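Chain IDs A, B and C follow the sequence of writing; residue 1 opens each chain.
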Amino acid sequence: MDFLNTNLLSLILFSPVAAALIIFFLPKDELKLIRWTALISSLVPFVLSLVLWFRFDPNKTGFQFEEQYIWYKAIGSSLHLGVDGLSLTMVLLTTLLTPLAILASFTISEKVKAYMMLFLFLETGMLGVFLALDLLIFFVFWEIGLVPMYFLINQWGSANRNYASLKFMIYTMGGSLGLLLATQMLGVAFGTYDLTRLFDLWPSAQALTNIPPWLTISTIKTIAFWAFVIAFAVKVPLWPFHTWLPDAHTEAPTAGSMILAGVLLKLGAYGFLRLVLPLYPEQAKYFAGALAFLATAAIVFGAFGSYGQTDFKRLVAYSSVNHMGFVVLGIAAAAAASGTTDAHIALNGAILQMFNHGLSAAGMFFLVGVIYERTHTRNLNDFGGLFPLVPVYGGILIFTSMASLGLPGLNGFVSEFLVVRGAWPILTTYTAISMLGLLFTGAYILKGIKQVLHGPLNEHWAHGEHKLTEINTREIIVMAPLMALILVIGVWPAWILDVINRAVVALF
Amino acid sequence: MATETLIWLIPLPPVLAFFLIVLFANKNKALSHTLGVGAAGLSWLASMVVFVRALSVEHLGEHPFHASVNWLPTGETWFKIGVLIDPLGAATLFFVAWTIFMIFLYSVGYHNFGQPKGDHDRPGLPPHGATVTDAHGHKHTIPSVEPMYSRFFAFLGLFAFGMYTLVVSDNLLTLFVGWEIMGLCSYLLIGFWYGKPSARNAAIKAFMTTRVGDVFMLLGIVFLYSVTGTLSFREIFTNEELMHALGTTATPVLGLSAAGLIGLLLFIGTVGKSAQWPLHVWLPDAMEGPTPVSAMIHAATMVSAGVYAVIRMFPLLSLDPATMSIVAFIGAFTALFAATIAVAQNDIKRVLAYSTISQLGYMIAALGIGAYVAAAFHLITHAFFKALLFLGSGSVIHGMEHGVLHTGNHHVDPQDMFNMGGLRKKMPITFWTFLIGGFALAGFPVVTAGFWSKDEILADAFAHGHLAVFITLAVAAFLTAFYTMRQITLTFLGEPRTEEAKHAQETPWTMTVPLIVLSVFAVTYGWVGIPEHFPLLGGLVPNWFHEFVGSTLAEHPEAVPFSPVPLLTSLGVALGGLLLGWLVYRNVKSPAEDKLQLPVLKNKWYFDEAYDFLFVKPAYWIAETLVYKWMDKGVLDGILHFIAHITGVIGAAIRNYIDLRVINETIGDGTANTVKWMGFNLRPVQTGRIQQYMLASFVVLIVVGAVLYYFLVMA
Amino acid sequence: MIPLSWYLVLSALLFSIGLFGVLARRNAVAILLGIELMLNAVNINLASFWRYGNPAQMGGQVFAIVVFAVAAAEVAVGLALIISIYRRRKTVLAEEIDLMKW
């Protein structure tokens, strides 16, 4: 048991890689065996993170289950892992969504082995970002996550996948160039990449030895701040850096979209919370208005963009822009007034919104995938009146859509309310404008339901070879945990929000 | 059981029924309605117990039933949610429980439980009837059971949950939760027959229009929470210092105080939910839903909820006279405006829909002039008689559908009043209960509940000098009486105008019993609020309602002194309107003979068209063209593709002009070429003749030796 | 006693004759003869430097004998090559033996 306590994080982090290695040695024609191995082995990190969740002590401040291994001694970088209430929720989300995504991809029949291995590598990449307490390790995992995703879109995607995967890869890599530079600058300046130390050293640094003399420390900090912000803003994605997302989401395979929306976007927001706010409190406060502007633009234009779609998956993709805008709005509010109760409420909302969006967006993408697999079209105008054919699917779709819409009683409302509540006294105008986005959230969600389920039945899907079949048991099993969590968090959010709240109060 | 525990439990049975029906009972119609009606019955029972206990508590206003739990952690503190039953809550709970229970019961009959499955019915469309063969071999078409019977009860259960949650909430947030859940249910129920494009669009219209109000309301809630740190009604209203601060803090918007702005934002939510002008457009379209839904939405729950919320927030609103003026204006304007439209409608349910908007305007106007108790009183009496009217109209439609199935002529609209006439003989129970409801709506003096509540509003308006409001409401009341009598005359009086009306039939007991129960309340509920100074009747029964509900407020409102002007006015407009309605319409046979079918009224003052032009079309344009096509695809992706293109051009330039020219040709190939050229030219030296080589080396040796000798020895 | 320089002059003359033969003659056999002359000029040098230098040491004589041996071996191989070439190509003229020239 002691072993488990001291090595829990590395077990969670590397067990997907181990699973991928096992799959590597499986014969490539045994599809069933590969799928089940992937599924069962992806449950291992989930079980471990449940252990982590229950052993985690929310009353303690600071990081827990810390581990530190030598990695690159010469430049002062070490494999330093640790969790607090902030990363814990994200780890839980990641390890929960990965098995579901793998279960969702049981219909993949080409190159299954490579697919499953890439998925497991992806999981390690994402977990690494959430667990890293070392800036360089953070960056390494940040980039590692891109590669499997690129191949997932590029190899298993739909028609326009080359364009989409390239755009995704180049955009996110290009965005993080500044992050790499700024990371190196910090590492060189302080001889360490350890975040726990940088949190103390960097914000209070008054002079740096190795910068050109014509630059003041505040200029340097401002440049580095924007380098960080742009890297994370591309990933979130914030307006106007969001155009890669609809393409990537639309072309990615179903499970890829689930993970992309469910977890990958959270990496950006997590970067804001873990790095930008603690490392650049002054700059964040100074530029909070700009961040809030971008967030509000993401909320409003995301909603409008979503409303303007005829492609069901693209509609859901734009909804991610809309929802993640609220996360950044909360972060901007916290940046503007850190330490106040309003900021804490806004951050509670932002972090819960990350978790909630992970659940509802993954669910929505999966549901789009379910209907796409049966009809081979995503065009909303090709559907219509499908509710009588697929009542169970329809019910699940309405439920998940309502969670996405932010219906009170389901999870999205709690987090959006908290964000709006926290941001209102700090960023009143922006919050008021963002309500326009909230209004159109309703519009696009209802548009989706209207075009797919309601209205006169499109007879094409009612008979013969095109007859639409009901959602099957495997697919219901994928949705069930998501729906249960959506409802539970909506009705009783305190169990998760308490952990978040304590971390937020301690951190910000 | 402790009363507080009981209050917690009130909303639960319907939501449990919802989940049970959805998950387990959706194939079994009998089980579904047993669960649904049973749950409504349980909630009704619990509500009655709570209501009776509330009556027995002295000074319930100061010591309401209240309990709360921690819900959301917010920094160092917790946001609490809880239940609260004060006099207003108790009175609301009473009518909500009764109407909901009746509507559940009525739905069993309305959806033809026990009838065979339809011949061509499919989910998403109203049932079309089934063909049966009787003992003599004759074929009959009879009503068929609703294909989505179970689903209806599930939605209804969720709806009831929302309303009960709203009523028992002790804070604005859970009130808003219930409010929005009802919004969802109204969407689902209006779009219940989703196969009809009209129903589908009506559902979306209802949801979106109310959502416009909701986002403002959310802002109001957030604003209130930010300045007070709590959303609990009691914590805010009993804190005098806080209330004073709210009333005096200025905001940059319209010169309102903080309280005024919050009140206004919350009020916009009500404007959406209670279908006040200018957000009234959704409510008439909501008639696409099955009739019990209309009753749920229009009487018992959703629209009442809007007014209830404003009554709840009255102490806050009343802090700012500017907000109160806005409220009064919107209410009074809506009351008159909707009444004018109602005069020209031919659909039996649409008339009621506009009358609902108009009556809600009454309540809002009453609140705007500070008549707190009168508004609450009218809310409750209206809920009873309007639920009665809607269920009655459903009964009429049901009877007419019977006639339509009998004749087989499906082109006859069973909701058009001009296809009816003379139904009093065919459907006596429906007729008498409808008459009671209609007279209550018209404010028929003394016996009906509507008279007392309406009279109180008019008296309040007159006594407090709001003459403009008084006159507007009086005119609206006249129109109300007029179109009510028009409706009754066209539907029930005279002779049947169509074959279908001749074959209409009285509806089953599950539908008539709720009508009878509600008509009892539509008459008697007025007697609990007779003003004490009313001539002859005043003082016979104590003005219980005023005392009880008035005690909700910290300062008990004074009962207004008696004045003959409003009394005579309300007598005059009610009786005059009714009489005129009967005189004008007793001989009208077809819409063409109806002089009041003015296009502007028929088309609802063209609000739908205007909104479509002003908001809906631009929204589409902004979404599809501006944001997606121009901004995202055009500008943003354009910039990206431009950068990609530029990168490509630079790459090509580097390859063509530097790599190929400089590196390859000059440096790489150039070196090789030079070496080659030199080798070629030096080739003749390589004769292969050793003797020549040796001679050359000998010469070199001599020369080198000579040079060395010169430099080393000679120098 | 004849001075050393006479021997050296003789040797130089002999070497020059040999060198001239190597450089100027076309006949491969004559070139070979020239080489022999140059080797023997060296031998004279070796022997005379021994005699006039340090007669107690036998280095010069030994070197001379080694040169004899090498010269003999060389002539043997060289003549064998020339005869072999002559049999093939019916010539011993150096400029005609140009099979490997480009």
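Assume a contact is a pair of C-beta atoms (placed from the backbone, for glycine too) under 8 Å apart; a residue touches a chain by one contact, two chains touch by 3 or more.
Computed from a prediction, not measured in an experiment: that's the story for all the values here.
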Innermost chain, taking as reference the mean of every protein Cα atom displayed: A
Greatest contact count: chains A-B
Whole-Å distance, subunit A centre to subunit B centre, using C-alpha means? 32
Between subunit A and subunit C, what's the gap in Å when you average each chain's C-alpha atoms? 93
Taking each chain's mean CA coordinate, subunit B and subunit C are separated, in whole Å, by 123
Could you pull out the residues of subunit B that touch at least 2 other chains? none
Residues of subunit C whose C-beta touches two or more other chains: none
Send over the residues of subunit A in touch with two or more other chains. none
Subunit B touches which residues of subunit A in the complex? 167, 170-171, 240, 242-243, 246, 301, 304-309, 341-342, 344-345, 348, 385, 387-388, 391, 395, 398, 402, 407-409, 413-414, 417-418, 420-421, 424-425, 431-432, 435-436, 438-440, 442-443, 446-447, 450, 453-457, 492-494, 497-498, 501-502, 504-505
Considering the complex alone, what residue numbers of subunit C touch subunit B? 19, 22-24, 31, 94-95, 98, 100-102
Taking the complex as given, what residues does subunit B use to touch subunit C? 683, 686-691, 694-695, 698
So in the complex, the part of subunit B that touches subunit A is made up of which residues? 22, 70-77, 122-124, 173, 176-181, 184, 187-188, 191, 194-197, 200, 203-204, 207-208, 211-212, 215-216, 218-219, 222-223, 225-227, 619-620, 622-629, 631-632, 636-637, 640, 644
